[in-house]
């Protein structure tokens, strides 16, 4: 069960309500009026709780789980289990995520502006928003409705933020236009000067960085990331893209829609990613490189050339994943896998 | 000599006091009442200062050092030197660290709550604590005695922190239970949402992150790290573990006791480390991997499989360190080292 | 054209003024009194704007650009173009950077101390400085003239900062002496405790970190970096060096003058870089390593040994760049490039 100090649980919900919520089918013996009080992992769930069995590697836990009800699919549901009632769905992971949001709806934040927030006279803040202590909203900034800027967040002059956004504690945003339903974690630096220099007579000379950061709807950014504004063009993060912690996104980078960028990746200046690209942790992408749509890049790879649509690559320099796997298997001194292509 | 603007020196201490403090033996000619005023490196120490000689690679500095007294061991003490008195101990580095704390005890912070700190009515703060300007302590948070939350630190609702902890400027902590004597540097994001998504009908759907971060006693965390809370279980950092700067620790990671995690490492979701594991800088550890106790991982390695207890590994994919060294030596085009196993 | 919400444009300037500003030569047909209103990239520039053509790879854009005037050199100026007037200079990139600063001079910040800043009684702040809301200036800190500490910046006790510096939002600085014209981005942690431990009887024992961070004139640091103070010596960043985002610089590191350190690099304790060293993104440099002046290190390399002056290296372990290219080309399964040395 979750810790009540940190999470406000909703419910209880009857089995029938939950089944309708996820579009699933309860096993015949499940009493549809039974009340479920919370969610828990298979191995620690107790009576009154609901859990999920989404992968056969957890079958040992499934076999002895004390959860009252377990979300799974018809194939996995045939595995041996401990008398829990089954709720059959097509995609157990998706259904369990939906049940998570049912039990833990977004907290009703204390709307209003904290007396120790600093709001410029010319800033506008939509109704239902919450501005935390120490937060700063610059001149002419415009925030949508139901936004939450946490403690010590810094929203710079002219920044526009859509409805239902959350800006984490200590995050600073400047020179940026941000869509709706964007969630940004803590201590990010968004809109900073790009790393642009030319050789001048007295050493390096800074190039004025005159672009913006554009973050589209439904983007999610973790914590401690640095996203620089464009040099003359804009830096763009496409709709629905999710970015983990400690990621570096340089000036002029264009990231497509629904991409997944794992922790500690770095994308150098002016590179672009198509839609639905997946990038593993600690990957580095060179400057001025294009990654085609739906490409997938293994963790810790270094990408120095353009990548074709749908390609799956790994290594440094990045190569087709099978080629890389053969090399790494050879390096480990194990027999090479049989070639299937 | 240290810069008095930044460090408050205690002392002076007599040679006899220092020898007792570290359990060492002074050379016969050293006057036990001689007063030592400070510590310094071998090559810049002056009369009245104490230095350390812990490795024969510094023997040239030892030979000409002007330090009044030098901490070393009996073997190294036989090297040529410049008439400094010797203080012989078993472990010179440990003894010098102890002498450092003797001369530089923890500063007596100005206890009390700054008028511009923001403390929730329902928060409790132990006696002798210091809360800096702009710091925020959320509802129902509980801080122990003699804690210091530096400027603009953000302690979220319900967070528990033990005695004698230090939380650096700009660090934000939520959904966390923290032990005693924990030192956390600046601009960390602790307790943020893990990077958990499922494919939904309209793109990626966030999975509610309902676990906590548990940080045990005597943990030390540097600056600008991101440590996410668990998804349903907890993220755990074991007793006495030390973590450098810019480290990423994903949801559900369990780190054992007395581990050493160097800068810019990334540990992906649900992986676990046994006790006394040492991880070099910029290492990446895959998700759902287990690293056995006392394993050591070379810098910049990529760990994709479980690692046995006590194993020493390197490379990407990580392999036994000798095998990796043979490969890297071959890559450098030098003759392979003789096999000794 | 740049977004007026974020950038305050100066001008317009006549072609003659601009030509004098960069020491260039206008083509004969250009009317020297023509007024230029702003700068833009080749492919989006309009009438009244100036653009740059600095590399033949953009010749297709040059050929159809609608910019009124384009900065280029005499060789590139011979390429086909769309009737734009040409302004010929020796180094188009440098000239365009100079024109950028002409149109976008440093903003006239609102000087003065925000009522919600926290300035210690014993701190001194030079005239013309701006201290943002929530910023904290500690006891005995000394700031030069025309400095800007942005919102929630934290300047610790005794820190000295020269004239014309800018400290980004949420950046914390302690135990540091900083020169003039230093620009530091947001959410950096500068002067934190180095990662120094010795094995003690009850686990790891922290070594007191008693040095400082010295940042010389004209240094530029991005966002979310961690720069630790020295252990007994100092950590030093030499004059004119530029550092990107998310960089880790450990205790006792000495970086020379005019170095370029790209994003996500990590430099371990006590290593040193000569002048004019260039380090690519995500590079790791071992502790106690010396990198000779003018050396260049390819992105993602791991440097474990000393590097000679002027060497160009890559890979992990880093090797001469040609040797590394041969290996990577071989790994990719393409024919090796002809040996030219």
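Each chain gets a letter, A, B and C, in the order it is written, and its residues are counted from 1.
Heads up, the rule we're going with is that a contact is a pair of C-beta atoms (placed from the backbone, for glycine too) under 8 Å apart; a residue touches a chain by one contact, two chains touch by 3 or more.
Treat the numbers as computed from the prediction; the structure is a model and nothing was measured.
Rounded to the nearest 5, the angle that brings the Cα atoms of subunit B onto subunit C is 120°.
Interface note: subunit A and subunit B, two copies of one sequence, contact each other through mostly non-matching residue numbers (shared numbers fall below half of all numbers used). Averaged C-alpha coordinates give centres for subunit A and subunit B that are 29 Å from one another. In subunit C, 116, 134, 152, 170, 187, 224, 246, 264, 282 are the positions where the chain touches two or more neighbouring chains simultaneously. Per the touch definition, subunit A reaches subunit C in the complex via residues 116, 118, 134, 136, 140, 152, 154, 156-158, 160, 170, 172, 174-175, 187-189, 192-193, 195, 197-200, 203-208, 210-212, 224-226, 228, 232-233, 246, 248, 250, 264, 266, 268, 282, 284, 286, 302, 315-317, 319, 323, 327. Residue ranges of subunit C in contact with subunit A, taken from their complex: 2-3, 5-7, 39-41, 44, 91, 93-94, 96-98, 100-101, 103-104, 114, 116, 132-134, 150-152, 168-170, 183, 185-187, 218, 220, 222-224, 239-240, 242, 244-246, 257-258, 260, 262-264, 281-282, 299-300, 328, 331-333.
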